[in-house]
Structures are given as C-alpha cells and as structure tokens.
C-alpha cells in the first residue's frame, strides 16, 4: 500500500469529522438525548462513540503520552466490542445518560481531534501503515454513523406525535407519476465478486492466494483495501460464482405501486408472506411502511422535512425484508441476490442521490436503464449475510467489526440518500435483520430470464 | 368556606410556581429529558404537567376566551386522567419527547401563569368558590410534583455510572453515632382519625352527616378542606377507631442498624420476608437499599450531593415496604398502623427537616421522644391504602385524583426532606406500591404494649 | 386441649383422604396432567402435595423408622415452603412432569396413609399434642386443596375449546328470575372478631393475654384452635373493632344484574374502575366474567357440567375484585368490609350449598334475610388481607402457611360450592390477589346506614 | 410419473403408520401430554396431526362421502397452515388439551386409516396422480414427525428432574477413545446440486425448463419427485454452482473434543462467537450442550436410555448453530456449506445409524473416509436456508410446507439416529433456527484447500 501523505490524511480526517457536526447543526440540545427505539441511538452517543473509536484504536495504542479525556468514557461509548476491558453501557439505555452534556461531548471530540492531529503529524515510521489503515477504518466508521445519525434522528423525531421536522427548509420533489417499470437483462455465467484484497491478484490460484494471506501481517490485513480504494473485510476476498440469466428492474418500486399492494389486501393474505414475516406483522400490527399514516383518508409520510402527503413517484422506503419479499411475491417477481445486483452495478459510475445532495429523502426515478442503483434507498437482496469463501476476520477487537454479525441478517446494496457518495461502491455489503425498517430501505425487483 | 382575598391567592400561586422553577435551576438542559424508570418522570414533563392541570381544571372551564398554548399538550401532558377527551401519552415514554423544548415548556408555564392571574383578578362570583377550591388542589398538586421532581432527579442522575451530583454544594451531616433507640407508649382506646370535612361536625350522628353530604354541592365537596386548612378527599371523613395500647419508636431506623440486618444475612433468610417481597428481592437481585453500593469494601450511598460513604446515624431510606417489613420482623418489632402513627402525631407541631431546609437528605435524629415524625423520610405503615368509612370521591375527572388508587398500595405518613413543610400534616396519607423505593422512605418501629 | 381418641382421629383422616380421591374419580388420566394457568395446578400434583404435607410435617419428624417413598418427592411436591431443604419445583411447571405417573402418585398416597395409621395408633405421649395439632392442620390443608382441585379442574377443562364437562350428570338449576334485592341493617358499635385462641379468654386484658402467649409452647400455638373447633393462625387473636352502622344485601348479585352492568357499558367506563383494575381489563381484554362467552348473541357459561346458557337467577361468579368493586360502584353501593361480613355471620348456622351438596355450582337464592352467607360463592370484601392486632405466625416452615401472604391480597368470606361444609366458619379468612378469578367468587353488596 | 400399483401404496402407508405407533409403545399415557418447550410437541398431538394431514389434503377433497371424525379437530390439529379455514390452536398450548384422550386419538388414527384404505382401493382415475403425489408427501410428512416424536419425547422426559428413560433397555456403546480426525479433499469446480424435477432434464437450457414449468399442472408439481424417488420442493430445481477446493472431516466432532473446547473456556471468550450466539449463551446461561450436566465433577448426558456418563468417542450432539460455529472457529476450521456437503455425499450409499437401528443415539465413528455422513447426527452447515434459483412453491396451503420458512434458519444435512433410512438422501435439506438444540445436531468440520 502506498503511504498517503500527511496533508491528504489530515484533510480527509477534518472533512469527515466536520460533516458529522454539520449534520447535527439543526438539532436542539434536547434532540441529542433521544432514543425512541433500541436501534435508534441518541445523536450525543454517536458523536462520542465515533471519537471513542479513534481514541481506542489509534490514540491509546499509538500516540505516546495520550491522556484520555475521561476514564469512564471507555465504558460509556463503546458500542459492542466485547474484547475490550471496560465492557459497554447497555445499548437500550444510551438515552438515559444526561452527562456528559452535549457541550462536554463536543469538547471530547475536540480533545480527540487534537490527539489525531498530533498522531498524524508525528507518527513513528514503524506504525505508519497500521495507523493509516486504522484511520481509514475510523473514517469509514464515522461515515456509517453519519448515516445512522440521519436515520436515528428521523426515527426519534417522527416518534413524537407533534411530528417535528429535522429541517423545515428541505427541498421536496413535486408530486408526479412514476415512469413505467422496465427491466434490463443479464446473461449470467461465471462472474467475479467482491473487492480485490491487497496483494490478491485476480486470476491467481486459490493456493497462491492462501499462502500469501498466511504470510501477510495483521497490519497488512487491516489496511487491505487501500490500493483500490477502501473496502471492508466482509467484501474480501474477490472470488467467482456462477449466475443464471436474470433481469433486473430499471428503477425502485414506487409509493404508488406499494399502495396498490396494500389496497389489494397485501397485509391480510398469509400466502404472500414468509412465516416469520407474517408473525411480525401480526405481532406489530403493521399495515403499511414505517412513517406512513392516514389522515382524512389520505396516506401521509413523515420525513425529515416533516409530514407530507405521499408522492406516488418517489421510491417506497422504510420497509422490512418481509415486506419487500411479500411485495415481490405479490408482483409476480422476486428480489435479486446480492450477486445479481453487484454484477449489474459493477463498473457503473457511483452516481445518484446521496447525502451530499442535501435532500434527505429518495427522489423519483428518471427514465433509462438501471436508474437509482446507487443512493436513494438501500435495496434488499434475497441473500443472507454470510462470509465469502476464505473470508477471515482480523484479529482482536477490530475483528468484531463485521464478522460476528454473520447470522440472521440479510444483505442490502447500493447506499441511500443518507449515505456519503464516497462511502458507496458496487462491492459494498450492508446488512440488517429482516424485521428492521428504520433505515432508508426499498425494493428493486428481479426475475428469472427464460 | 370564607373566601380568601385575591392578594392571598395570588401570593400563594406565585410562591408555589416559583419554587418549582427554583428546584430546576441546577439542571442542565439534558437533565430535563431523563426518565430512567417508568415512575421517574423527566423534569420537563413535571414542569408542563402541573401547568396542564391549571389549564384543564381552571382556565379552560372558567376563563372566558382562554386560548390553549398548544392543541396537543392536552394529550402530551395529561398524566392519568382517563375521563378527559384527549387521552394521554404513555407514561413510560415521557422521556422520548424532545419537543416542546425546555424553553418552550417554560413559555407554556408563563402562558398559564398569565391566564391564572387574569382568572384570579376577575373571577365571576358564581365560580369563586369552585375556582378557589380547585386552585388549592392545583397548588397542592404542584407541591406533590415538587417532591417528585426531587426524587426523580435523584433517581435519574444516580442511574448514570458517572453519579453526577444535583448540587455539589449541599450541606452533608457529619459522620456520627446514632442516639439510642427508645419508645414512647400510648394507651389506645377509641380515637378519632382523618380530617374534618367542611360542614362535618365532630360528634354529630352519622345520619346527620350523611344527609348533609347528600345536600352538599359538588363545589362544596371539592373545596372541602378550606375551613381547617387543606386536606385531600382521602383524609375524609373524620371518624373513630379502636386502638390497642402500643409503643412507637422515638426515631427512625438508622443506616447503622440496617447495615446490621444486612450483615446478619437479612436478604438471605426467606423466613423474614413476605412472599411477594422474597420474590421481589430474588427477581431484582436486591441486597441493599436503593442507592447503596460497595466500593473497596465500604458501603456508599449516592445522594443529591453525589456519592458519599454511609453516615451511620442518618436514617436509612429508599426502602421498599418489603424491606421495611422484613427489617422490623428481624428486629423483633413491627411497623405501626397508619392510625397508630396518626394518633401519635396528632396535635404535635409540624416541625422537621423538610425541603424548605435545603438539605435534600434526611438527617440524624436528636435525643427526645418522637423525633423525626415529620420530614426526613416518609414512614411505611402496615396499613393498606383503603377508603375511610363513608369516603366518597368527587365526580368527574378530578375524582380520579386519589380514589382510584385504593388497591394494592400501602400508606406512608409524615413527609420527607423533599416535602414542603406547609404540605405536611398529621392526617396526610401518602401511598405507594410495596416494591417502590425511589421516594425517601424509611422505617419507624412499633410494638405491642402489654 | 383435650386429646381426641385415636378412632376419632383415624376416622377424620380417612374421611378427608377418601373425599380427595372421590373428587378425582370422573377424571381421565390425561386430565391429571393439566395446568392451563400458573395458579391452576394439575390434579396429580394436588394428590401428591397433600401427601407430602403429612410426610414432611408428621411422618418424618415423628414416626420412627419412616422411609420416604421417593427421595426427590420432597422437591417435586413442596408447594412454596422456602425454609425446607430441598427447595421446590417451579409452580408454573407442575404440568410438565409426567412421572411419577398417576398410579405411582396413588401408591405414594397409600404409602403415606400407611405411615399415618401407624403414627396415630402408636404415638409417643410427649408428641401427641403436636401430632394432633399438625394432623388438624394437615386435614384442613387437604380440604383447601379439595376446593382447588375442583376449581383447577374447572379451569383446565374449560380452557379446552371442546369445553369437556367434568361430569355431564350434574344437576342444573332451572332457569328462573331472581328474588328481589333487599338489605338487612346492623347497628355497628364495638364488636369482637376472630377466633378465640386456646388459653385466650375473652375479656382478659391485653397484658394478660400477651404474657400467657409468651409462656405458651410452640406445640400449644400450633394446636391452638382445637378447643373451639379448628381455626387458622390468621384468625387469631380474637379482638375488638368499632363498626359504623351498615346494611348488608340479603343475597348475592345475580347473573341478570351483572349482565345489566355489562349492557350499560360497565367495562368501557374508566370512572367505574380502580386504576389497577382498568389496566387489568384493558391488558387482558376482559369484557365479562371468566367462563362467559356469547354464542349466537346469547351469553353462555362453561361450568363443571359443561357449557350452558346463563341462568339469570344464579349468583354471578368467577369475578376479580376489580370487577366486584366496579359493579358495586355502578350499583351505587359498595362491598362490605370483612368485619361487617363477620359481624353479620357470627352466630348464624353454617348452612348453604357446599361441595357436600354435589352440585359444583352456586344456586339461586331463596327469599329471606342474609341468604347464601355460607357456601355458593366466596364473597369479596373491601378489606386487605392483613394481620390482626398481635398476630404472631408459628415458628419454622409451618409459619409460612398464612402469614407470608399478607400483602397485596384481599379477603374473601363465606366459602363456596366447592368448600366442605365442615371447613367453613364465620371467622374464616380466605384471600386472593385482586385480579384472580378462577375461584368461585361473587358479590354481596353493602351500604352505609344513615 | 409411472403410477404405483395399489398394493405398493397400501403397504407403504401401512408401514409408515405402524412405525409411528410403534415409537409410542414405551410411553405412559401421562407422557403423551407433555410439552416442556414450545417446539417439543406432545406425542398425542403428533399422532393426531399426521392424521389430520391425510384427512385435510386427501380424504376431504378426494374421498366421496368422507365424514370427519370430529368437526373441531381441523382447528386442534392443524400445525401452521394459515390458508386453511379453521385456523389453528396456538402451538405453545398443545400440552394444555387433555381431550381428546389418547384412546380417542388412536380411534381418530384408525378412522383416517379406514378412509385412506378406501381411497387407495377406489380412486377415480382423474385424481390418481394427485392422490399418489399427496400420499407421498403425507408419508414423508409422517416420517418427519416420527423424528420429532423421538426428539420431543427425549426433551420432555429429560426436563423432568427424575430423568426417566424412554426405554431402559436400549443398547449403549462401550466407552472408548475416538479415532483420529482426518480429512478428505475435494477439487471443487462447477458442480450440480439438488434433485431432478420431474420433466427437468439435466443439460437443457433454463429457457426450456422454464417454459415447461409453466405448462406443468399443479398435480405434476406436487408429485414432482416420484420418478427418481421422492424429494421436497425445496430440493428443486437441480442447478449448478461453482465450488472452491475444500477438505471435509472424515467423522463428526466427538464429546471428548467438545469437552476440550469447554475446558479451554470456549463459553467464556466472546471472540469465538457470533454476536447473536454470544447474546444467546449469556441470556440462557448455556455452558455445555443440551442434556449435559455435571455430577460429582463428571459430565453426564441424559439420553433416551436415561442419564449416563459421557462417552468420549460418541459424536457431540444437541448443539445450536452458534455452538457449532464457535467450536469450529476455536478448532481453526469452519463448518462446510450445504453444497460442499452435498458434493461429498452425492453418489455415496445412504448408510449409517438411523432410527431403524433402534439405538436412539449417535454412535462412535469407525476409521475410514467420510464416516457418519448419513444418520447419527444432523450436521450444521454454514448455509442459510434459502430458495434455489428458480424455486417455486406449489399453490395453496400445501405450498406453506417448506417455502415460507426461508428466512432466519440454517441448513442441516445428512439425517440422524432418529431419521428413517428411507427418508434420507444426499439432496435433503433440513433447517432450524440457529439457537435450536433439541434435535440430534452435531458438527462436521471443513477447511479451505490451498
């Protein structure tokens, strides 16, 4: 991996850290405390946790003389790393901690920023590779929490019966009809998937790859994505699979289409649902996507701009896997596998409506093939989140980042209107439990090709 | 009931309202949001709810042209009145509402204050009696919430592993040994209990009382306590009971005494416990009073001044009924009935350590008979919270104030260091479920007299 | 206490033990396993537990050379005695134990019977008083479980959607209209309550009583009721209370009257309910008494004879305290205290429809004052189950029999159609949690007297 | 599909039905009622449910004049088919139904048998194909419940602290040391998987296959496996995948090996566990496989023959996926995918220790490659249970058989000591949730090949 120069690293660090704080600017201090569901952490916690990550994995091991900001923050702001000493405060109770105050958390951030500037400007050569690798993970980690900040703020504000807006000044797409639904065909065959590991050459034999992997140091493994742009360990190694011919929808399913499913009794026919899904909608009383509610007979949707009537052309979002799967069955289609999706996306430009666009909501598709692949909504695939062949997690607590979640979850692809553009790529694997709805998650249909 | 003059009413109103806000002065905005247990409501909610009470029961029915501050506050800040139209936001979720902000809640308070000033200065004569009666209830209601503010702030801050203090500058009693435990004897016999209802003359026959009650108007019933000082409906009617001779401890049980119970295996011997109490301590893992924890082999207690080593002479507090009862059994004594307590307290001056003292913690007893009857700690009695003979709740939603809680709870007497002195009296009946510990609740022993 | 002769004791023992088995005769082996609710234990468990009681408190301590039937039965068939060594199998899982089989449980019974016969025929003189006292407790204990057998069988069979009958041949009262509701007046005044303790003379001073109690041996205390007929420790000591004048209904509330309450929206008006009661009916979805269901617009009731249309004249039963209390409020009356009830019942003959009548259901009242005081249905009182003044539990595990349940429960009086006639008396205190409905529990109204 | 002759069908039917009853012979009537966990249904329910299956899917639609045995059995003995009219009795409450009695359930079985004999002897030609197809499903369905009978009886008896044996006369393997662990290598490459659908020819293009599938009748689809031996719809269609080179262990992991994992702190090191697995063992307090317990410092295992000391050479079983996965990680290996397993098993004889052997417990492996592939223990694979490409469920309620469970579960392969030999095959896909342990589930290790 070629070492990046210090100014580049510093600029990347400053940029990511600044954007986190920019996302919080519209908040009242009271909003920083909210946790209306276990998975929707308070903004204050996110702000502190991402700083804890740099402190734990970079400043404490590599910055000589670094003094922690507060001895108990290691406990309070660890998320789920079981292999660190201090354990972690229970996730469902992150909103029950009023101190440190918001101001103190910002002070903590700046304390960590100061340490990071010192580390980046004066890193011993023997640690440079590891520091750079972990810095990259730390920045990507903070970008993930930026997306969670957006979706958690949305959830927590929308829970309030007053339905306060995050920002009342957000642009809202004009009400329009969707473009017709068309499909693009793919031939299938043996194809390659996943990101190229550093030192992994495509075409080499597995035996060669494996020997090299065994020789690689832990530092190399942690920094593995640098040569080609960053990738998480769960995208490795690049490998081949056999695809059957398939066709992929050119846009996401719209609100209008999903409303037709509801009107047709979609939530009342058990034959459309997976068994766990049927149990879920019965137990929870779900009759529509999250954030939908009827006022005077008209469906409305609470969004970050506040509550608005549904726009039929916008992509339906905030669906569980169960709903996406039931919709596809009702529509006579199916969800794509994560490999079909990646095959279709590979090589295409990473363009779309990301958080950078500042809209904070998916937008209607234009005409053309394979619209909205990136941005707008994460797309549920029919693939369970499992390791790729020969996957190996890194050692130690950082190895808990991705690998330990490989059971019970489904893969989503493509990024959303809350994702940073430079965080998205064709090989990126997001994953959630099938019942979770609070992310921007939508549906792209697929079908078998004769 | 003699009408109070407007300046007196206004002064009482201003005084109570101001004290509520004074209690909140040490808080950070973040602290206003906390609800770490269902029963420990956020300060913001208390501030708004007590204003909602005046708005609902006085301004809306009696102030012509009153405009509500916000149409949905009727739903958000109703506590438990089932008979009002808007229903109420679920109690466990009071901390999940970041808007209205703290500033907006204060604005709501002042909006209500303005309305109340107008109502008191210009009340139509035909409503004066009811307005005055409800004003008295409203002020006593706000005083109850002042006590809850203190105990809820204590609970919510103490839940934080950083154990932040409410106020670091509070006076703390010096460590000392308790005075010896002595008892005062009472003869028993037929005695009177409860508050005199307006129009209820002691000595009249029940038949006379009943006829008069049937003739009384609702307004008279609501304002019933005015002639003799305020009393809640659950203190009516004054009536007679037969007491057996008994002896009552001259002070509360101390931390030192309770620690001896713990050291003797008090929490491990089922024979000391009520069946529901044993289930409770097993399920919850209780091994000491709330707020006690051991650090380096020494018991500490988190109080509003922060975490401190136990003071052996201070009254033990934050106990459930089950713990008070088990302690008494271990000590070879018993808890007093609420009638024994009232008989001992009747006619004595209402003196003691109340919230007015600004200590926010019970203090060691001095020598002398029947110390600490008022203030310091609420005292668990062995009496279930039940209606007095011929008790009748007022009609309508206000009738839900006390009467509907008359099952499953136990009576406590005397007030605490978080009670206002002018809120305490010998006939006052407080009540909580036997497992609840977050109020300042302690133990006064009693025993049978030969 | 005068010693009973051996033939009398043996006859009493044989009679009680035989009736338990007689009650089980209509059961299929499968029915012996059922536990459809935590509180409705399987018949097999009852059969074994009452035998365990004799084994534990009589055979093991007093019969030389007694060999236990099975070493693990001490664990399996202990109900709730925390102070015995083996602990007890969890109450909710009594139906999950197929072995010992029903046949083995009967063999266990006979093994215990053999031991008891030997003990009674050859008891060392120094143990005779204690053995006789414990025998009396054991027989009364078994009678209590006979009642539970009936009510648990009813619950467990009625849970089955096939609604199988316990006995299809039971007599069923003809459908008729209730007799009109009248009341009997009582003057009140200082009255005596409770059972006379052995050695307790009415009229002696409390000081005298107390000195004597301290001198009494444990054996005397356990056998305390013998002189006047048996009584449980919770009926002691006899003491005085002051009653206000009151009136008591001459019969129980009928199905027809309760149906009028339902038809008037009784289950929909929160103002009629205690707070805990309203929460209970909302959580459980209760809209009628247990065992009521509507078929083709007509209320039916599942009884031990199977499902039948409601008989308007029969007493309403299987109500919670909350329902009894709400009904009384709706009817403009109230429930009696346990002392009002006892005062009315004292000195009257213990007559009524008991289990001895073999009807297994309450019957319509006849005309006349104070009908149905004994038998038919237990009558909810407004008294919490608390110790009488100077109550003391016996030492050791037997002391857990009654005393440890003195929190959170309400007193019921009078016995039911599932109680043995010789188990009922005016001083008997039954107790259940306010939400429990599976016993035969009904309503007798009371009101204040002018 | 070639029609089978009537004698063959009748013989198959009689044989399967008889074996179900044979499995129940050692039971006491009380055992038929047990359901000690939601998933461990009572034997009585299994006996009735498999009969309900024939009644619902064969007798009611195809036998003219068939009279149901009892109108409510359609509700009581439906398992989970949402699309039938009567709904189903809640699964957790199958043990709360004492009637019908065991004798009545056997009468129900014989009533259904009579109907089936009439249907098979006199089936209208136009229904023969469908009847034969559904009969095959019904018999395979009953075989699955035979396995559940064994595992549920084991669970329900072992829950009893008396640890009663199902049969005390079962053979038990002598205590011995395991054979050494060796691996067999496989080359990988493009391979075929799954069962050949009727009318599906290997080598035809997907387009051809798809057209044919659309023309096929529902009857053909239901009967699809007949030509090659029966297969469930979840084994279709046969398709190709790309395998990387791998090595597969020659035997199952033994008790001795698993005990070394425990002794090394396997249950205490979070780094070995999936996140959901760590939560599971913490919540449940798991420290060993199901049925293991320590007596006097020695591990014992409760089996159908009763409680015995562990045999080190026997395969470890009754593990969750989480434990299998953690063990593999600790051992430096991994679990195989279901495709690796199938590739290794394809073409090998279906030999091993099945229920036909009458041992009811897995047995020590012999030396040699790929021992124990079939029988002994189901083998957890690392594959999520998902549809094969182009999978289609049949229409109607029968389509709920397999397809609706395709989320959240993992695939197991190979069969167990409780499976019928003629029910096992290389393409068979069993599936359970990752936390479930009550089946005979073990571990076969795999590893990547250089």
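Letters A, B, C and D mark the chains as written, and numbering starts fresh at 1 in each.
The working rule: contacts are C-beta pairs under 8 Å (C-beta built on N, C-alpha and C of every residue); 3 or more make two chains touch, one makes a residue touch a chain.
Every value quoted in this text rests on a predicted model; they were computed, and no experiment measured them.
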| item | value |
| --- | --- |
| Neighbouring chains shared between chain C and chain D, ordered by label | none |
| Chain centre separation in whole Å, for chain C relative to chain A (CA means) | 61 |
| Averaged-CA centre spacing for the pair chain C and chain B, given as whole angstrom | 37 |
| Chain A-chain B separation of Cα centroids, rounded to whole Å | 49 |
| Topology of the chain contact graph, where touching chains are joined (line, ring, star, complete, other) | ring |
| Chains that touch, pairwise | A-B, A-D, B-C, C-D |
| Touch list for chain C against partner chain B, complex | 80, 82-83, 190, 206-207, 210-211, 239-242, 244-245, 270-271, 273-278, 321-322, 325, 382-384, 386-387, 389-390, 399-400, 404-408, 410, 434, 448-450 |
| Contacting residues of chain B [partner chain A, same complex] | 28-36, 44, 72, 75-76, 89, 93, 95-102, 156-157, 159-162, 164 |
